[in-house]
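To start, the structure itself, in structure tokens.
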Amino acid sequence: MASIFGTLFRVSTFGESHGAAIGCIVDGCPPMVELNEEDIQIELDRRRPGQSRIVTQRKEADTCRILSGVVDGKTLGTPISVVVFNEDQRSDAYKEMEVSYRPSHADYSYDAKYGIRAVAGGGRSSARETIGRVAAGVIASRVIRKSSDNYECLAYVKSIQHIEARIIENDLTRECIESNMVRTPDSMAAEKMINLIEKVRSEGNSVGGIIECIVRGVPIGLGEPVFDKLEAELAKAMLSLPATKGFEIGSGFSGTLMTGLEHNDEFYMEGNRVRTKTNRSGGIQGGISNGEDIVFRVAFKPTATVLSEQNTVTRDGIATSIKARGRHDACVLPRAVPMVESMVHLVICDHLLRQRAQCG
Amino acid sequence: MASIFGTLFRVSTFGESHGAAIGCIVDGCPPMVELNEEDIQIELDRRRPGQSRIVTQRKEADTCRILSGVVDGKTLGTPISVVVFNEDQRSDAYKEMEVSYRPSHADYSYDAKYGIRAVAGGGRSSARETIGRVAAGVIASRVIRKSSDNYECLAYVKSIQHIEARIIENDLTRECIESNMVRTPDSMAAEKMINLIEKVRSEGNSVGGIIECIVRGVPIGLGEPVFDKLEAELAKAMLSLPATKGFEIGSGFSGTLMTGLEHNDEFYMEGNRVRTKTNRSGGIQGGISNGEDIVFRVAFKPTATVLSEQNTVTRDGIATSIKARGRHDACVLPRAVPMVESMVHLVICDHLLRQRAQCG
Amino acid sequence: MASIFGTLFRVSTFGESHGAAIGCIVDGCPPMVELNEEDIQIELDRRRPGQSRIVTQRKEADTCRILSGVVDGKTLGTPISVVVFNEDQRSDAYKEMEVSYRPSHADYSYDAKYGIRAVAGGGRSSARETIGRVAAGVIASRVIRKSSDNYECLAYVKSIQHIEARIIENDLTRECIESNMVRTPDSMAAEKMINLIEKVRSEGNSVGGIIECIVRGVPIGLGEPVFDKLEAELAKAMLSLPATKGFEIGSGFSGTLMTGLEHNDEFYMEGNRVRTKTNRSGGIQGGISNGEDIVFRVAFKPTATVLSEQNTVTRDGIATSIKARGRHDACVLPRAVPMVESMVHLVICDHLLRQRAQCG
Amino acid sequence: MASIFGTLFRVSTFGESHGAAIGCIVDGCPPMVELNEEDIQIELDRRRPGQSRIVTQRKEADTCRILSGVVDGKTLGTPISVVVFNEDQRSDAYKEMEVSYRPSHADYSYDAKYGIRAVAGGGRSSARETIGRVAAGVIASRVIRKSSDNYECLAYVKSIQHIEARIIENDLTRECIESNMVRTPDSMAAEKMINLIEKVRSEGNSVGGIIECIVRGVPIGLGEPVFDKLEAELAKAMLSLPATKGFEIGSGFSGTLMTGLEHNDEFYMEGNRVRTKTNRSGGIQGGISNGEDIVFRVAFKPTATVLSEQNTVTRDGIATSIKARGRHDACVLPRAVPMVESMVHLVICDHLLRQRAQCG
């Protein structure tokens, strides 16, 4: 449903970019999970504005508060409400947007759908909405780790425009991803990416790129055979993030260039565990996790907000032009890394509970 | 849920490949929609085995029967049940599969999840499951056309391995897609593709490719701002189809190579209609359809079933090898075209009803 | 949703009274549950027409067939489809109904909602729809018994009009309920009830009554604190059955005549098990099962179909009169007993899986 | 789901009685509905403590704040979050409850389900949870009135223990219900009821009673034929309220004493509108509203909290006794009236949107 995600571990998010507050309710969380506001704050800080010089300098502390569902640092099994009150509400910066539609933004389609929209900051279409997802993702990851203590979800910036990071999958750690402000484990690429972002920003332009995500320690057997295949749920989760244009898992689009004999993942035994020699399946077969790492990539378009003049039309259908003002991300990818991870946590946690329900 | 798709226009599918029957229930269909078995049969015939020499020669008429929800050629508003009884149940061809896991199939992950599986024909993981989706898709498309009579969903084979079709988007018609057995509108590419498919089949191998889909006449305003963005729903729908590895909309992965100024779709007026000059957004902005064509691509891996020896393990964890026998598709794409279209119908129809409910 | 029930153990039913077939799909059933058609047939036989002289003599064997989800007598974890093909389709008996609305039936409200309806036999509003529920209920009860082997659900006819059965709750068994055709454990009351039913039928009239249901061995902790309280789910389940007008649990309406001190169920220890001295709560406290027997009652109105002339109007708004013909139940309660039990199974099973998911 | 109600107009509630805050998110509300905090506050004031001398004197202003989904007094179509911060958090009054289970409360069953609970004030099982429902109910009623301007939902206290109000259904108005603090339209009965409530409270005891609800102006055609019959949804909604033990619609339990000929509602024409002479159906036939008033009754048990000593057990299974202290309702019915109305609004609004979706 619209603003609700999940079948059993259900997250409802609320909040407009420049409204009073942003947040979520998590319904269906197991009881007795250790949780406090600091846990959530750590991840919110990874997505918040102003964390480095290459992201928007909008001033938001994004301090969260848990309003329900937790007593003495433990979840009760009842709904957990997390809220962040908005601080930096400069609505005057948005007068122009009230009249004219920003290209490749949601302004026109919201108006066409609802006949009304919250203009300031893009309202509900703003990436600020993901605050609720990140908070919920922290809770989800706690639940997963109670069942699988080697669970680890590592998203990183794979490419910014033409600059691509080189990685050795097995060596990837959270530390090396966090070692630079662009969140890529390849330090040489990081430098180039930072330079590129600063350059396009200085030109009133923007860039996009690809985030890759590697999920380790996913319990075997998660996902459903038909509509709710695990990769289908991940695809939906990723395409529900702002600015995403594509999703591919395992061999993805380039897998279409191989033959079946090249592409198939042969099984072998590693001790008494069934393994595959290659992982073109991306850790999911027939919609169900097979114990290999889940590996997927997500395409993020260049930020729609650019500090340059663009042609557009007004609400009344008059040709005009618009130029964004204010503080914006010239590249969303560094801040999107925790968003991608959060959505993975939500999908995996939901399917973990579903699997426990059906197959014990 | 597992085998249920949609919020308001809800499809439940059932059936194992070699079980007694395959089918679906459609719940929530509007009343007074004209519908009969012939309408459904036309689309089932586009996906059925044996329709041409490049698809599996398995013998199934796939004759459908409507069991409920329709009287005198009109829907009642109550659940519509459609069933296809299976005919060609050669279970003896599957003895080997009972013991050994086929590489890149669902055999192992089903066993790991459920502890049991229907061996013959892959059971629920077989593409025969999509019969129910195609039947439901026909019903959905009828509902959509009552609201938007220029609605048209055209999927076609964009590439088979390295062979890519060239098309002029505006000239695309159902007729030119159906003019050859591979379902691509580029007749020169079609010939090469057919040759390639026949070649890999003769070698006991298989190939994959990319299907592109262009959806015209989608009402403006469909889709939800956050989790149920229209592209997110389409991504899930596509990744829920067997053998899919990727989804991209509009500019997709290649859009990550552009700058924001290059990528943004400027608005202009065409009469009193708001249009965009380019369509890198792929017809959806902020999760909501904007009236431009919806354009997306889906990656299909090479068929996992190959008529060559491959290494694998048995259920008991013993190294072995397996070689598929019988009649299989060396390339699923020609038959996947109606599956892609069906899932589009289901997504659009569901969101059409949701939009009508919320925004009148 | 309309014709789908349950969150995890989901039942979709389909079928009009005089359509081709009636049935259901059960989605989300755990794997490895023993199941065959005979198990289901036993319960269908308890609800079918013609089983005794006091129920409708309509000729339907109601023979079921499992189309999917079961191999070698065990569930696969995939959707289970059960179908009963209709035999006795005397549509000519319904000509009059096509024109005139039967009082206290669904004819008018269906027309007002959909603008169309399946006239013959009441279409979807017929109690034949419950075939799918009873079939699904059998599957649900099998799932529950795997977790709680002393689970037992005993519904019986508590009263027919003014005739009330006297029972000793602890002595109640399935055998004594099934010992007579009215399905009440008090044999003296049974005789009077049978006489009453035969009398009103001979007068072209009908009667209703109350079914009480006692559910033993329900696992502790089932149900949710707020909207999905276990009693709320049971209330919905019961009021979704045809002809029901009321539901009460534990002390019910008569509990409103007591004071709090009289009404409260004091706790005590029985060995190391927490018990209550009285059971005015009816086995559920705060929406959650407490281990005591769940006890509730359901009011069934007198059958709307009477073989006497009644005033009504036509579809075109003309005053007229109508008199039912054919074979009808003068009292639905004997056949409603298995329907009540089936709905209990569905509710308990769904919450058992939900509890397993959340609280492990 | 647990704390989520509705299919299209979806309400998620959160909050423990003595936690930081209580509230809700409403997802799926149509855009352009006029709404402000004052509208909601009016109804919250009808349910809040301390409003009269016969209800609990607990000090809570229950001041609400809208955090999202509304701009300039109009809904946006995005999630509406409403929150009430708790003030009167005397947790020391609950030390005893931490150790011992209060009879007929949720203490034991929560512990059995979750292994943990918020002790103070009953946590999630407190009637404070209904704040979110009442807030959401106001929004729902606004939506309904846009479609049906004569929509009116009037709940009132029908009886307190043995004292029953006499009413003339057609004369019932909100004003006469609100004319006394017990919320019954019969002023003579009101006086007796108030005396009774004061008497039992002075004795450390409590009483229950019956609330009747009459809903006028419900659009024809709402409700679904099978599981989501309108009366089934209402039954669930009512049984989900704290302290409820029964629900009956139209003729209810007493209808079981009539014959079919007495019970059936004959149709007649009133101008060009189809009406029924009697309304034993309670405004719903075959699960679908028929345009007559919806009339139902709900049984509320005597408040479980009594200021007298009662036997019980501790969490550790030791026999003990407990006596409530503090400020409690000796009778919940006066404050339950707006809760009943709120749940009606939620059910009707949800089905209004569903009907609009399916049948246009």
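Read from first to last, the chains carry the letters A, B, C and D; within each, the first residue is number 1.
The definition used in the following text is that a contact is a pair of C-beta atoms (placed from the backbone, for glycine too) under 8 Å apart; a residue touches a chain by one contact, two chains touch by 3 or more.
Predicted model, so just to flag it, every value in this text is computed and none were measured.
Any chain touching subunit A that also touches subunit B appears here: C, D.
Across the assembly, the mean Cα position most removed from that of subunit B is the one of D.
Counting C-beta pairs in contact across B-C and across C-D gives the higher total for C-D. Taking each chain's centre as the mean of its C-alpha atoms, subunit B lies 39 Å from subunit C. Taking each chain's centre as the mean of its C-alpha atoms, subunit B lies 46 Å from subunit D.
Taking the mean of the C-alpha atoms as each chain's centre, subunit C and subunit D sit 26 Å apart. Contact with two or more other chains is made by residues 1-4, 7-8, 13, 28, 31, 77-78, 113-115, 124, 225, 359 of subunit C. By the touch rule above, subunit C contacts subunit A in their complex via residues 7-8, 28-31, 77-78, 225, 353-354, 356-360. The touching residues of subunit D, counted against subunit A in their complex, run 1-4, 8, 10, 12-16, 19-23, 25, 27-28, 31-32, 65-69, 71, 74, 76-81, 83, 113-118, 123-124.
Those residues of subunit B that touch subunit A in the shared complex are 1-5, 7, 13, 101, 103-110, 112-115, 124-125, 129, 159, 161-162, 200, 204-210, 220-229, 231-240, 244-253, 255-269, 272, 274, 276-277, 280-282, 284-291, 297, 299-306, 308, 310-313, 317-319, 355, 359.
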